[in-house]
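Structures incoming, each one as structure tokens.
Consider the two complexes below, in which chain A is the common component and chain B and chain C are the respective partners.
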Partner chain A sequence: MITNDNKINITINDKKICCNVGDKIIDVADDNGIEIPRFCYHKKLSTAASCRMCLVEIEGAPKLMPSCATQASDNMVVQTKSDKVVASQKAVMEFLLINHPLDCPICDQGGECSLQDNAFSYGKTDSIFKEDKLVNLSSDIGPLVATNFNRCIMCTRCVRFGEEISGHRELGGIGRANTIEISTYINKNVDSELSGNIIDLCPVGSLTSKPSQFQARAWEVIKKPAIMPFDCLGSNANLHIKNNKIIRVLPRENNDINEMWLSDRDRFGFLGQYSQDRLSNPIIKKDKSWHNTSWGDSLAKMAEKLKQAKSSNIGCLIGGNSSNEEIFLLSKIIRSFGCNNIDYRLLQKDFSDNTKQKNTNWLGLDLKQLEQCDSVIHVCSNLRKDVPMLNHRVFTAYKNGAKISSISNRLYDFNYPLVEQIGCKPSNTIFELKAILKEILKIKPQKIAINLDDIVSTKEHKNIALQLSTAQKSVVMLGIQAKLLPDYTAIKTLCDLISQASNSIFAIVPEYANSLGAKLYGAIPYYSDNLGKNSEQILKSNLDVLILYNFDSEYDINSDKIQKAASLAKFVIVINPYSSQIWQEYADLILPLATTFESSGSMVNCCNTLQKYQQNIKPYKYSQEGWRILLTLADKLSLDSFKYKSVPEIQNDLTDIQQKIILNNDTNNKDIKKIGIKNNVDDFEVINEFAIYQNHPMVRRSLALQKTNDAASYNKLIISLVDAKLLGIKRDEKISITTNNIDHTKIITSVQQSDSIPDSCIFLPNGAKYATINNNTTIRVKESI
Partner chain B sequence: MKNKIKQLIKSFSLLELLQGMRFTGKNYFAKKITVFYPEEKTPQSNRFRGLHALRRYPNGEERCIACKLCEISCPAVAITIESHCRDDGSRRTSSYEIDLFKCIFCGICQDACPVDAIVETRVFEYCFDKNEDRTLNKAKLLSIGDKHEKQIAYDRASNMTNKRGDREF
Partner chain C sequence: MINENSKGQIDKWIAKYPKGKQRSAVIAALRIMQEQNKGFLTVELMDAVADYLSMDKIAVYEVASFYSVFETKPVAPNTISICTNISCMLSGSDDIVKYVEKKLKTKIGSNTDDNRIFLKEEEECLAGCCGAPMMQVNHKYHTNLTRDKVDKILADLK
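This part shows the complex of A and B:
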């Protein structure tokens, strides 16, 4: 009987079940613990009904029906274990096994393979097939996914994933009947930033993980929950650990954050954990050579230097990927000296929003709301590569009918069509935003304190304005690339004004895994009443003690500036998991830090969710968890207010702080001043980026990720085709670059010409490796500020 | 009364003694089963489960494919395997260790092996004077296999009826 709330009753295997109208039989069975074998059906993908494994008998139906494609109807009687069904399952298994090789002993899927399990539970013991098996050649589809298409059973889950989830159809079924094969058609890599998920989706061993190939069996590993520290979303995952070593990372279902997917960065980033340049024990510089020392001695030395230093002459830079506990304790220690010189914004150039108001720069909405919005504007965002799982939500919104536009300095490649895509020079970004604001004001007239008379707007601006103001629920999303622009505050303010004028939500994507935590727990100079020095000022000043906590010297910060600052400072302390040449040269004390997976802690993701994680593996050699180091330091400094003994005790305090702070993205500074570059005609403007596989010290040491095309494309200097023609530069040529604020000449290995970049701009990879010159072409670059 | 007379006759005629003497006499002249080890040795079954060995194919390629079925089936947890991807892309062991102190010589490892790589040979006379010698590593196992390959192959072939008939040895 259909009741008011769309509930119906069906019977499966004599069990009476109440379910919703429109539910698929297979889902109803799953929810009620009735097992129906399947290969092609997946709850997050569309239904293919091609494997025929889930056939069930429905009373009144002449034939068996696929339970994945049949909706439950009222008073339906379903049998999943009748003789007819069992016979059909046996026949299907026999057909599937006809061309499947019996190589389970060498197959990585062995032990967690649907085909193995179903053959065991539902198959026949023998086969009447005596002919030769088909052979499908495997192809190389990149450094992340290993293929063996002999094992493929044509469930097409990977194909549907490409179409429906990653939005980039890279694999397809070619041919038909028994000659069908999964292929990229022309030999190419699968480049999607979510490509690793096809490993999980593949029910057999056709697609397996290449980095962890043959390393462990499914039954050998211990699964431990973890939070991925590689982007601001903090995807939930399970670490598969064998003998204190992470073998692989698989997603842990959390519909509020990463659903059941994981980006490649989260999946393979952990490989950097086992990089050769991990620091093994504390070392101290004596007479210009490094000596091993003990933890006690080194922290006593650190305490002594901190006590001797003048309080205004202490500086601390902390990586935004550190845990809340580390940020909280370090900032508390620094503040106990009456010093506020602590900052996490290592690459930001514009600090004019350095105010007492705690504008926390978060996403402003949760991910389910993002899926439901019908208009999104990306500002300076390469969201697809910046935060792949966040982009997946925008892609879902697009599938639900949302319109999306983008304004950025490079024309980025999105996996959904854009209404408008504006590419502009970094210095012109604010003009573009003002033009949009002007158009919005034309549609929705209202008072705004800035003068827009001299702004010329075009059709594109009008389209974006229309898109924003006609939408029911729209989002202005300020991406992480904006943080690298010299006009960041102005851009942020304009985005805020646009969102207010068009009545949309203003979302800011945090640049680090724990940017929000850094702001909440004090890694900013304006946390207390006295304003301290920001990272720019710390790098320029003459310090007694400089503490550099958990970041790399090359990509996480401008390497020239940090070298200069470290050589000026009297005592430089580096606390980092990894060593580097610059640290070896300029530091005085280097302490080995445990990585995120090796320590307990918590992080706040972009939606203000505090996620706790436990220590999953033992720290490498003599490295220590950050919170232990800092608590011992506090002890050596004999500070009173550090009575913590464990992480949960610290976390109690953290939760209190988090609850007290109300998040908002309001910009309090409404006057927009262009502080950027005054352009010389000859000068090129630099476009810098947070790159997909360079954003975290561990990720940039993950060899598998560095072999991908995404990583390779980042290592090239890019100029526009017009400029290349003017300057006579050929593809992959080596040129020299002069920058205005650093006296030496940088030489980049190779140049790429591209349409994706505006004229007289140059895309300069952060911390690129510089090689020798073999071309006389010189580009003069005006680096911002 | 009748029973008492029967018993008296039995005991005076020494019948039980003669019965015992008959058994002794029979065995006194029978063939002896005592084996003068080590000069003499008992015959071994072709299913004898002695020291382990790893086998190779006739072309010299090691059989073991690091499937780890022996490791997981071992009831005494005596086997430890590390697998890796060899340079030619094939799945191989990087280490294969058997702890002889843990091993109970049940032979389940050789039953589990899909490629007949791990086998138990007829070798049972071995000793070690150092503690570390109790673990057989991959090199040792392979050398035992190489040394006894002829015997192992013969035993496998003669024992074929116990395994799947279509297997080549």
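This part shows the complex of A and C:
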């Protein structure tokens, strides 16, 4: 009998179970600890029912039924261990093993292989198959996933993953019957930013991890929980560690954050941990050469220089991927001198919202809510590559019927269709947003203190306005690329006005793994009542002491400016895991910092979830955890109120602070009248971007990720087809670009002409300053603020 | 890639399906493109079909590689398919296959040396059992085959 709450009773193996109408038998069995073997079924993917391993006997049914595709009905009696079922399981195992090679001893899946486990538990010891086995050759599908299609049992999980989760199907079943094989058909890489997940999905050793190939056996590794520091989501993962070395990273299920997936950046970013340029011990510059020194001496020296410095002449820049504890302690130390010159916004150009207002900039909703919204507008966002797992939620919303549009400076490739996609020059972004606001005000008239009379709107703007205004629950999502624009504050204010006018949620995607923590725990100049210098001002100041904490000098900050600032400052202290030529040249004291995986700490993700993590591996050589360095420094400075002895003690204070702060994305509406359209200039406008595999020092050093097509696409100079014709540049022509790279050498790169970029705009490879074509024409680019 | 004539034909097929289900026309589209290209599909043609029907490219490759009517490697413009299923086999299709192979100096699944005739891979039942043994030459059925009849058909091809 079906009860009012849609509950029914079924019996599995004489066990009476209450479940929901529509539940699949295999799910009910899983929930109740009854084991049913399976290969093709996966709870996050659609049902294929092709492997026949999960067949069960249902009373009244003439044949065995696949439990993954059969819904439970009231009073159903199911047997999973009857003679008929066991005989069928044996037959299916024999069938699946027909073409499977006996290469378990050299297979990376060995020890965690469903085929091994099920053959052992449900298979038979011999086979009547005497014919020749089929051979499927492996193919190269990129630097991340190793293939051995000989081992494939055609469960098609990887194929379904492409269609249903990554949103772009790259693998397919080619051919038919006994000669079908999983393939990309043409010789190409699997380029999805989530491609690593097919390694986990593959129940056999057909798809394995390429970077960790042959490194360890499943039973040799110790699994330790970790939080991934490579984007603002903080995906949960398990590190697999052998002899104090991370071998691989696998997802840890957390339905509130990353479900059971990991982006490739999270999965393979750790490889940069073992880069050759790790700093091994503290070094100090004496008479223009570097000497090893002890931790005690170096921190005493640092304390001495800090004490001697004029409080307003101390400056501190900190990477936004640092832990809460590091941010909290460092900002507390700086502030103990009465100094507020500390900032994490290293690449931001516009600080006009740098007010005392506690502006926290977070996502504004949790991920479940994001999945349920029915309209999303991306503003200056390449979300698919910026925060892959966040984009996965938007993709889920799309599958639930949401309409999505985008306004950005490049036409990005999303894995869902867009209602409208507007590409505009960076200086025109404000105009586009104003036009949308104007259209919304036509649909929903209301009073807004902004003059929109001279704005001309088009059909596209009207469609976006309609999409927002007619939705039940809509989101205006300001992406991380906006942070690099000279008009950031104006864009943010307009997004806020658009969301207010259309009754949408205003979501801001943080640019670093711990942007929120940096704001909550003091790595901003407006944290206390006295306004300090922001990163731009710090870089322009004549400082006594400049502290540079946990970021790369080449890409995480404008390297010209940091070189100038460092050469002007009297004493430069670098605390970083990796060395750099710029640091070597301009710093006075360099201290080796442990990476996130080598430290305990916590981070706050974009949904304001505080996530703690433990030290998983010992720090490299003499490097030390950030919180230890900073506590020792506080001790050398004889500062009170640093009585912490462990990370949990610090975290007690952090929780108090987090609870006191109310998060909001409000903008300072006072400045609204200052928003204006900039005059177009003859010069090319540069489009800067946070690139997918350049956003974190460790990711930057992960060689496997740097070999992907996604990484390579950022090494090309891109101009529009019209401009290319005007300048006489051919496709893939090699041109030299002068970069602000370490030694100011010219690098040769190829040109890509594209209609994804607006006219008179130029996308330069990371770190490049300007381009010289054929050594005579120079594309002049507008000097950014 | 897709010429105007083919576009018109594909559009007719798309119109047969509900709006937004244009991918249902993939088999028809591939057949039309194979005809346009005189007998076989290329990756470029399949990509064009994928773009035209807003499908993932791999999904088109899957369909093209699944059905034996689609040739994904270059073949000669004239195609001969000899049925070797049960009715035809009982009526002597094996002999016909051997005879054709010998006469054209090629094997099932290959082109002739002058690249004029393609002998299609083992063909399943073409639903002409009442006229067994039979074969299909460039979409035309020839039934009740004998060696003499085959000679005449092949001579006509020249």
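Assume the second predicted complex is superposed on the first by the 748 of 785 C-alpha atoms of A that agree within 3 Å, B and C clash if a C-alpha of one lies under 4 Å from a C-alpha of the other, contacts with A are read in each partner's own complex, and residues count from 1 in each chain.
One rule holds in what follows: contacts are C-beta pairs under 8 Å (C-beta built on N, C-alpha and C of every residue); 3 or more make two chains touch, one makes a residue touch a chain.
On a predicted model such as this, the values are computed, not experimentally measured, just so you know.
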item: Combined model on chain A where chain B meets chain C, clash or fit; value: fit
item: Which of chain B and chain C A:T184 touches, first, second, both or neither; value: second
item: Which of chain B and chain C A:I106 touches, first, second, both or neither; value: first
item: Contacts of A:G172 with chain B and chain C, given as first, second, both or neither; value: second
item: From chain A, separation angle of chain B and chain C (C-alpha centres, steps of 10 degrees); value: 80
item: First, second, both or neither for A:A218, with chain B first and chain C second; value: neither
item: Touching partner for A:E163 - first (chain B), second (chain C), both, neither; value: second
item: Superposition-derived minimum Cα distance between chain C and chain B (Å); value: 28
item: Interface residues of chain A shared between complexes with chain B and chain C; value: none
item: Chain A residues within the chain C interface of the complex; value: 162-163, 168-176, 184-186
item: Touching residues on chain C, where the partner in the complex is chain A; value: 43, 56, 58-59, 61-62, 65-66
item: Chain A residues touching chain B - in the complex, by the definition given at the top; value: 104-106, 110, 213-217, 219-220
item: Touching residues on chain B, where the partner in the complex is chain A; value: 65-69, 72, 83-85, 90-92, 114-115
